[in-house]
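Take a look at the structures below.
Here subunit A shows up in two complexes: once beside subunit B, once beside subunit C.
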Partner chain A sequence: MQSTKPESRTPIGLWLCVALSIGMLGRGFWMAFYYAPTEKVMGFVQKIFYFHVPAAWIMFLATFVCAVGSIGYLITRKDKWDVIGDAAVELAVLFGAMVLITGPLWGRKAWGAYWVWDVRLTSSLVLVLTLVACKIVRGYAGPSSKQIASGLAVFAVVNSVFVYYSVDIWKGTHPPKIVAKGDLAPQMSETLWFCVAAFIVLFVTLMWSRIRLGHRRGELDSLYHHAAELGVES
Partner chain B sequence: MMMRLLFIFLICLQAKATWAQTSTTATTSQSPTIEESMTSKPKAPPGFEPIAGKDKRAERVNANVLVAVSYGSIFTLLIGYLFFLVREHRRISEEREFLRNKIETQKSSS
Partner chain C sequence: MNEVATILKGAFAIAQKDWQTEFRSKEILLTMGFFGLLIVLISAFAFYRGDLPAYALAAGSLWVAIAYSGTLGLGRAFEREREGDCIRALLLSPMPRQAIFLGKLLGIVSFMFVVELVVVPAVVIFFNQSLEFTQLWRLGVIMGLGTFGYGVVGTALAASLLRARTRDVLLAIVIYPVIVPVIMGGVKATTAILQPEMSVSDFELWARILFTFDVVFIVVSFWIFEPLLID
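Here is the complex of A and B:
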């Protein structure tokens, strides 16, 4: 049984990732405010862009990882895949919340309204709500919760593709994909890509820690079973 | 009698036509020249009331506040999630330790 092995310490690599995340986020923050020039049309409020866009991309990445874990679980029915799916869905909700908070704050200045029912905004909201549903189902849907949550995660990744291309297809209020076209000034572009790198390191760090937590929860569950078999009152 | 009434009616018609023509001429003479219309402010559409001086009700959104709230919320979410992770790791460690001790005690007593 795994649970009786001694408590594992936090790996040194994880501590390094934590330090790197803090350093890179700090540097990205500095670059956004002091290195990147102020945008001509939108002004100071454009600074939101440097953390909003990476957060959105990491939300897509987390959704994709969640779908990989979920499909892996649906095929193999092994808990290690479910742990990955569960960790990724939590992070997708976290980064999705960042996107849904920072986007409307930018929109207030740019559009004069916090929210418009544009295709990109609405589909992003649906994506985040699907991910939240995925998390809730995993916790409260009973014995088949993992299967239902995995199915929802597959639906979420399909929706994320729809969210990504929505600005090209419908051309709504949301700005088009200027980063992909290379329409940014060099200093703005450098800042953005540095922030993207910082968010990737942050995602890896959080994912690592969250997967560790998932495994430790599993070990604790088996320890409870073992204790129940021995007749230990917990 | 009928002829008289018709005569009065025709006079009234003539008087009305003359008055309308006079008022049109007066309006035309008051209309601004091209230079005047170029320099004058455009008239507000009906139903809108122009305000003299600075409009105090005008909307002013402070970008600094929006950016501060935006970055503040990102860091708050991150710190909150890290706090949750650390707390969960600690709780699991404590529970594991507690259960392990219980199991050891049970094993040694039996």
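Here is the complex of A and C:
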């Protein structure tokens, strides 16, 4: 039976975010497949770019938020920071998985192989693996899992800086950063930035939901402990 | 300056404790060294063929052996602190936390250097390589930078897992993703050194990258060590 306490009901703002996410993602798909012109060299498969690039940027954003939550927890030891860090690491893994699936699909057509051990792709893989290790630690390390996972997340975010500058330092085969230099056709640029905005709204929606879930789990744990103290059998 | 001297003095005292314990028991050195040798041997059986460029295999085998034997050593070095609750005694002492980190780092890095004195000749012999002086000192630089980077990350993470459940399994899971840049840089630089026409520019590039990694992660580890260790 759903609680009637006001703080338990889903906020109107979250419902609006859900609706906005669905709407913007729908429009983003339309723009990618119908509005943006087809790239003359790579053809239709180039359209993965409109989802691969925003997913990569959101992966880095989620990693940054995870680092903020982790640093906040390590300094203050307050659970609200740990909830933020835990939520962000899950979303970073989700968007990272999206990057690592769409990237090789694009690479198969562009470079003739699914995986060419390009340093940027490789470093993204390493980042995602580190974040997966954070989740494993949370599940299996026991009482000190929050601080271990937080510390590991800080290492992961420092690693992500190496990812961003890897193209310049290691001269990989990854496509050059044409987005930053503004070399895209206007309709392509418009589609890309709209997809980025859609992914940001999606990220905010998922973070908000996940943080609420984290708080509910914390409340449930407190109730279990309280019940155990009172001698109530679960 | 006083604080730096205190940290260095404390670190040296902890490292000396580890060295003395190890000198008496030789437990970590023997197990790490023998394990590293076995990894090189298995790699030679698994990958070495007469028609393949052996220098690339040698470089990969060397760093795999260092990574695996290093994890073994890290786990054992910190298990010693757990036994008898020595870590609590260290934390209760007036010694700065950074001194504990630096002392354990010095200990583990020195053990790894000793093990590398066994593993490097094994790689050279089993993979039929020859090392001139110009290659040898460059290899020494890369081993130093790579081992130090590995030690920095490994010491911080192993310390954080002191009170964790399933710490033996978790140590490998948490260390390997973070030290992949060290392994990547180590293998690339070692390949550049061992190949028939040594590539000095590649060696210098990867040496700079490893140095940057070491500097960045020692700063991060210095800051993060105490929050990871204290409940």
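Methods note: the second predicted complex is superposed on the first by the 227 of 234 C-alpha atoms of A that agree within 3 Å, B and C clash if a C-alpha of one lies under 4 Å from a C-alpha of the other, contacts with A are read in each partner's own complex, and residues count from 1 in each chain.
In the analysis below, a contact is a pair of C-beta atoms (placed from the backbone, for glycine too) under 8 Å apart; a residue touches a chain by one contact, two chains touch by 3 or more.
Since this is a predicted model, take the numbers as computed values, not measurements.
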Check whether A:Phe64 is in contact with subunit B, with subunit C, with both or with neither, and answer first, second, both or neither.
neither
For A:Val232, using the defined touch cut-off, is the partner it touches subunit B, subunit C, both, or neither? Pick first, second, both or neither.
first
Applying the touch criterion given at the start, work out whether A:Ile48 contacts subunit B, subunit C, both or neither, answering first, second, both or neither.
first
First (subunit B), second (subunit C), both or neither: which does A:Tyr35 touch?
neither
Hey, is it subunit B or subunit C that touches more of subunit A?
B
Considering only touches as defined above, state whether A:Val126 meets subunit B (first), subunit C (second), both or neither.
second
Just to be sure I read the superposition right, which of the two partners does A:Trp111 touch: subunit B = first, subunit C = second, or both, or neither?
neither
Answer with first, second, both or neither: which of subunit B and subunit C does A:Tyr224 touch in the superposed model?
first
Common interface residues of subunit A with subunit B and subunit C?
none
Within their complex, state which residues of subunit C touch subunit A.
153, 156-157, 160-161, 163-167, 169-170, 173-174, 177-178, 180-181, 184, 209, 213, 216-217, 220, 224, 227-228, 231
What part of subunit B is in contact with subunit A in the complex they form?
59, 61, 63-64, 66-67, 69-71, 73-74, 77-78, 81, 85, 88-89, 92-93, 95-100, 102-103, 106-107
Residue set of subunit A touching subunit C in the complex reads 74-75, 119, 122-123, 126, 129-130, 133, 136-137, 140-145, 147-148, 150-152, 154-156, 158-159, 162, 169-170
Quick check: in the complex, which residue numbers of subunit A touch subunit B?
3-4, 7, 29, 43-45, 47-48, 51-52, 55, 94, 97-98, 101-102, 105-106, 108-109, 112, 202, 206, 209-210, 212-213, 216-217, 219-220, 223-224, 226-227, 230-234
